[in-house]
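Working notes, beginning with the structure itself.
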C-alpha cells in the first residue's frame, strides 16, 4: 500500500497553484513572499518525488541547493522590503510600479 | 500473548510520555531543593515527607485555577500556543535512547532531529507572546525570537563537535564511539565544546543569565504573563522538558551517555545521573548570576560564540580528517 | 517510515495529553470572568492601546543574517558525516566555505550590524 | 477608545509609528512599591518617561499638623519605612531645634548607633532588591536577596530587642530616646556587626568578580557631577557622582563630630559607582557603630521625663529646619511651631523624592532592562516619595 | 496505512496553504506557513529523504522566525490590506487563471503517470552526503559565494537610510 508518485506530484501541483494565486491576489509584499516560498516548496516536493522514483540522490541534492538559494532569497528579499517600507511607509505592492524610489 | 507491533509502540510511547512528565515534575522539586540549599533555605517541606508531594500539589493547584483569557487576545493563537509550545519540547525525548535499545526511536539522524524539533519551540513561544496582546509578552516574544535564533547556531555547532568525532548523527552510535574516552575528556576540543554547549544551552533554554524572555523584574513573566491555570502549567512543563532533554543530550554527546562501571542494566541510571549533573550545573549557574541585557546577549552570541564554535568545529574536523588517513 | 511511526505516535500522545489535561482542568476550575479581570495585565493600570504595534526594523538586521548562517549549519551536517571517509580534501572544502562566509561575518562586524543598537 | 489612544501614541513620536507606550507599575515586580512609569519605547529603547507618583500618599504633613510632638515620632517612621530610625530622628531633631531642647550625650550616641544600624539594614535591603531587579526572582538575584535579608534580619533582631518593634520603632522622642539598651545588647550588636562585616566581603567577592554583574552596572545610568548638583540629589547618588557631600560631615548633628569615619566618594556616576559607595558605607557604618559602643557615655537617655500625656511637649513660637543623612540621602524636616502641643506646619524633604527626579534625565536612551537596574540603584522608598 | 497518512498530511498542507492565502492577518499567515512547511517535511520523510526533512525544518523554522519578526514590523493597525482595491478586476482574474494552471499541471501529472522507469526506491541519505561532496562539489562550494553575496546584499540594502 505505498503511495503512488502521482499523488505527491498532484499535491505539489495543488500547492504550486495556491502559491501562484497567493502571489497575484494579495497586496501585502510579505504575504506575497510567503506565497513564493509556498510555490518553491511545492517544486521541491516534486523534485524529491522524481528523485525517489529514479533512486538517485540528484533530486535531493537539487532540493538541498534550492534551500540554500531560498535562504539567500529570503534575506535579500526581506531587506528590499525593508528599504521600500522605509522610503514609502506604505505596504502595498500596487504602489511599486516604478523601478525606482 | 504478544501485542501487534503498533500496539507495542503505542505502549512504549505512553510509558515514555509518563516518564517524561514524572521526570519533569520531580526535577522541578530537585531544582527547588537545590536552589534552596544555595540560598540557605530549606525549600518545599510541608507537602508530604520533605516536600516530596509538592509537585503533585502544584499540579493540582494549577488545574483548579481559573483560566483567564484576556478579552483583547487573539483567542485562537492564544489558546493553541501552549500546545504548540509543549509538543516540540516533549517530542525531542522520542529520539533519546536511555540505554542500549531503551528508547522510542533511535533515528539515524537523531542529533539533527533533536536540534530541528527543539528549534520549533520558538513558534509556540511566539504565538503565546503575540497572541496575548500584552506589551510585556510582546516584548518578550521579540526578544525571544532574537535570542533563540542567535543561540541556535552556536548550539548546533557545539553539538556537531561530537558528531564529527563520532562520524554519525545517530545518538546510540555517538555513545558507542565514546567507549574508550568520553568526548568531554578529549584534550581542549572536548572541554571547549562542552562549555560552548552549556552556554548555548543556557541561552537556548532561557535560563539566567540569559533569561531575558522571562525577565520577571522587567517583563513580569514574559510571554506567559497572561497565562494561568493549566495552560501555564503546559508551558512550564514544556520548558522543563526541554531543559531536561537538553541535559540528557549534553550527557550523551559529551559525557558518554549510559557508559559507566557496573552491569549493563545500570546504564539508564548512569545516564540519568549524568544528565542530572548537567542539569544541576545549569541550575548552579542560574542561581548565581544576574541576568544580562539583550544587546549584550546578542553581542556575545554573534561576536564570540558563533565564530568560536565554528572554529572549534573546523579544528575538530581537521583533527578527525587528518587522523583518518591524511587525505585521499 | 517505520522508524518514524513511534515518533508520530508519541506526538499524538503529547497532543492528547495536552488536550485531556486542559479538558480536565476545564471541568475542575471555576469560571467567573468579569471585564476588569479579562483586561490585559499592564501593572494594574489600564493598558495604553494595543500591544500590536510596529517594532523598529533596525534592531533585527541580525535576523536576516541568521538565515544565511543557518544554511551554513545545514551544509555542515553532510560534510561532518563524510569527513572520515573523504579525509582532508573534504576538510579543505569546508574550510574554504567557512572562509568565504567568514568574510561576510567580518563585513557585518565592521559595519556594526552585529550590535543590537 | 483603546484604539484611538493607541493611534495617539503612535502619532505622538516624530515621524515614526514604531512606538509603544507601556505602563511599568504600579503593580510591577520591580516598582519598589507603587511607582508608575509610563515608558515610551522604540523597540527596547526608552525614548520617553512619564513618572506617576502618589499611590502611597498618606497625608503625612497633615498628620504632622494634627498629631502632637509626642505622638508624631512614631508616625514619622512611616515615611521611610525601610529606614524608620533616621526619619524619626529628622523630626525630633527639628522639634528640638525649634524648642531649643537639649539632648543628653548618651541619647545622642544611641541615636547615632540606631541611625547607623538602620543604614546597614537599609543598604542590605537595597543590595538584595537591586540584585533581584537585575538577576530575577528566579535567578542569581534571588540568591543575593535572600543572603541580604538574612543580614537585615540580624539588625532587625537587634532593634526588636531594643524597642520591641522590627520595622517602625518609635525609638526617638523629643529630648532623647525612649529606650535604654537592654542587658547584653551591646555584645549582640558587636557580634552582628562582625558577622555583617565578614558577609560584606563575601558580597563584594560574589558581585565584583562577576562579569555579568559588571556589564549590567558599569556605564549604566551615568549621572554627571553637574547634573547631580542641578537636580539636587543627595546621599549615595550624589557621592557616586563625585560630590563629597554628606550631612553627617557637612553639618554634624547628634555628636557625629565625635566619630572618625570616611565619606566614600566615587567619580564614575554610574550604577556601579553607586554600588561601590554603598558598599563602603556598610563598612563606615560598622566602624561608627563600634566607636559608639566603645565610647557610649553613662547618663540619662532623655532630657525630658517619660510620657505622661500626649500634649506634654509644647514648643515656643518659631520655625526651623533640620536635616539628617538617611540611608537614601538628606532627609529634612521643617517645622513651624505656634506654641501649642502640635506644630502649625510640618514639611518633609524626602531623600527618595528628590533622588527620583533624576530618573527622566538618565532613563532616556537606555534599554528596558537598564530601567530596572537604574531604578534599583536610585533606591527609592515610596513611603518617602509619596508621604 | 501509508496512504491514509499521506492524505492526512496532504490535507494539512493544502489547508495551511489556503489559510496563508485567504487569511488577512500576516501573523496568522506566517503560522499557516509553519504548518505547511512541517507537513512538507513529513512528506519528504515519507519519500525517504530524511535528511532533507529535517533540514527543511531547520532552515525554514529559522526563516519563519525572521518572517514573524518582519510580519510584526509591518503590522500597521488598521492599515493591512483595507480600503478599495484599485486593481480589483485584475485580481479577480487570478482565481480562474490559478484554476487553469492547476488543471494544466494536473494534466501533466496524469499524463506522466505510469510511464517511465519503475520506482527505484529512495536513495539513502548517505548517498546524498557523498554526492554533495563529490558530484556536486562545485555548486556546494559556490553556494558559499551566494551566501556571502546575500549577507553583503542584506547589509547594503538594509543599512541604507532613505535619502
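Chains: A, B, C, D and E, in written order; residue numbering restarts at 1 for each.
To be clear about the criterion, a residue touches a chain if its C-beta (ideal position, glycine included) is under 8 Å from a C-beta of that chain, and two chains touch if they have at least 3 such contacts.
None of the values given here were measured: they were computed from a predicted structure.
S.K.: If each hop has to land on a touching chain, what is the smallest number of hops from subunit A to subunit D?
M.R.: Tracing touching chains, the least step count from subunit A to subunit D comes to 2.
S.K.: Looking at the contacts, which chains touch subunit A and subunit C alike?
M.R.: E
S.K.: Have a look at B-D versus B-C and report the one with more C-beta pairs in contact.
M.R.: B-C
S.K.: Among the chains, which one keeps its Cα centre farthest from the Cα centre of subunit A?
M.R.: The chain lying farthest from subunit A is D.
S.K.: If I average the CA coordinates per chain, which chain comes out farthest from subunit E?
M.R.: Max centre-to-centre separation from subunit E belongs to D.
S.K.: CA centre of subunit A versus CA centre of subunit E: separation in Å?
M.R.: Computed value for the inter-centroid distance: 5 Å.
S.K.: Round to the nearest whole Å and give the separation of the Cα centres of subunit A and subunit B.
M.R.: Using C-alpha averages as centres, the distance is 33 Å.
S.K.: I'd like the Å distance between the centres of subunit C and subunit D, where a centre is the mean of that chain's Cα atoms.
M.R.: About 44 Å separates the centre of subunit C from that of subunit D.
S.K.: Measuring from the mean C-alpha position of subunit D to the mean C-alpha position of subunit E, what distance in angstrom results?
M.R.: The separation of the two C-alpha centroids amounts to 60 Å.
S.K.: Mark out which residues of subunit B touch at least two other chains, giving numbers and ranges.
M.R.: In subunit B, the residues touching two or more other chains are 72, 107-108, 112, 130, 135-136, 138, 142, 145-146, 149, 152, 156, 220, 294-295.
S.K.: Find every residue in subunit E that makes contact with two or more other chains and list them.
M.R.: Touching at least two other chains: 2, 46, 51, 55, 58-59, 62-63, 65-66, 69-70, 72-74, 76-77, 128, 130, 132, 143, 147, 150-151, 154, 158.
S.K.: Quick check on subunit C: which residues sit in contact with 2+ other chains?
M.R.: 4, 42-43, 47, 50-57, 59-60, 63-68, 70-75, 77, 79, 81, 85-86, 90, 98, 105, 117
S.K.: Which residues of subunit D touch subunit C once you look at their complex with the stated criterion?
M.R.: These residues of subunit D touch subunit C: 2-3, 5-10, 16-28, 31, 36, 38, 42-45.
S.K.: Which stretch or stretches of subunit A touch subunit C in the complex?
M.R.: Residue list for subunit A touching subunit C: 64, 67-68, 71-72, 74-75, 78-79, 82, 85-86.
S.K.: Name, in rising order, each residue of subunit C that touches subunit E in their complex.
M.R.: So the residues of subunit C touching subunit E come out as 1, 4, 8, 50, 52-57, 60-61, 63-68, 70-75, 77-79, 81-82, 85-86, 90, 93, 96-98, 100-101, 103-105, 107-108, 111, 113.
S.K.: Given the complex with subunit D, which residues does subunit B contribute to the contact?
M.R.: 35, 38-41, 72, 135-136, 138-139, 142-143, 207-209, 211-212, 214-220, 286-296
S.K.: Over in the complex, which subunit E residues touch subunit B? Could you list them?
M.R.: Counting only subunit E, the residues touching subunit B are 27-28, 31, 34, 38, 50-51, 54-55, 57-58, 61-62, 64-66, 68-69, 72, 125.
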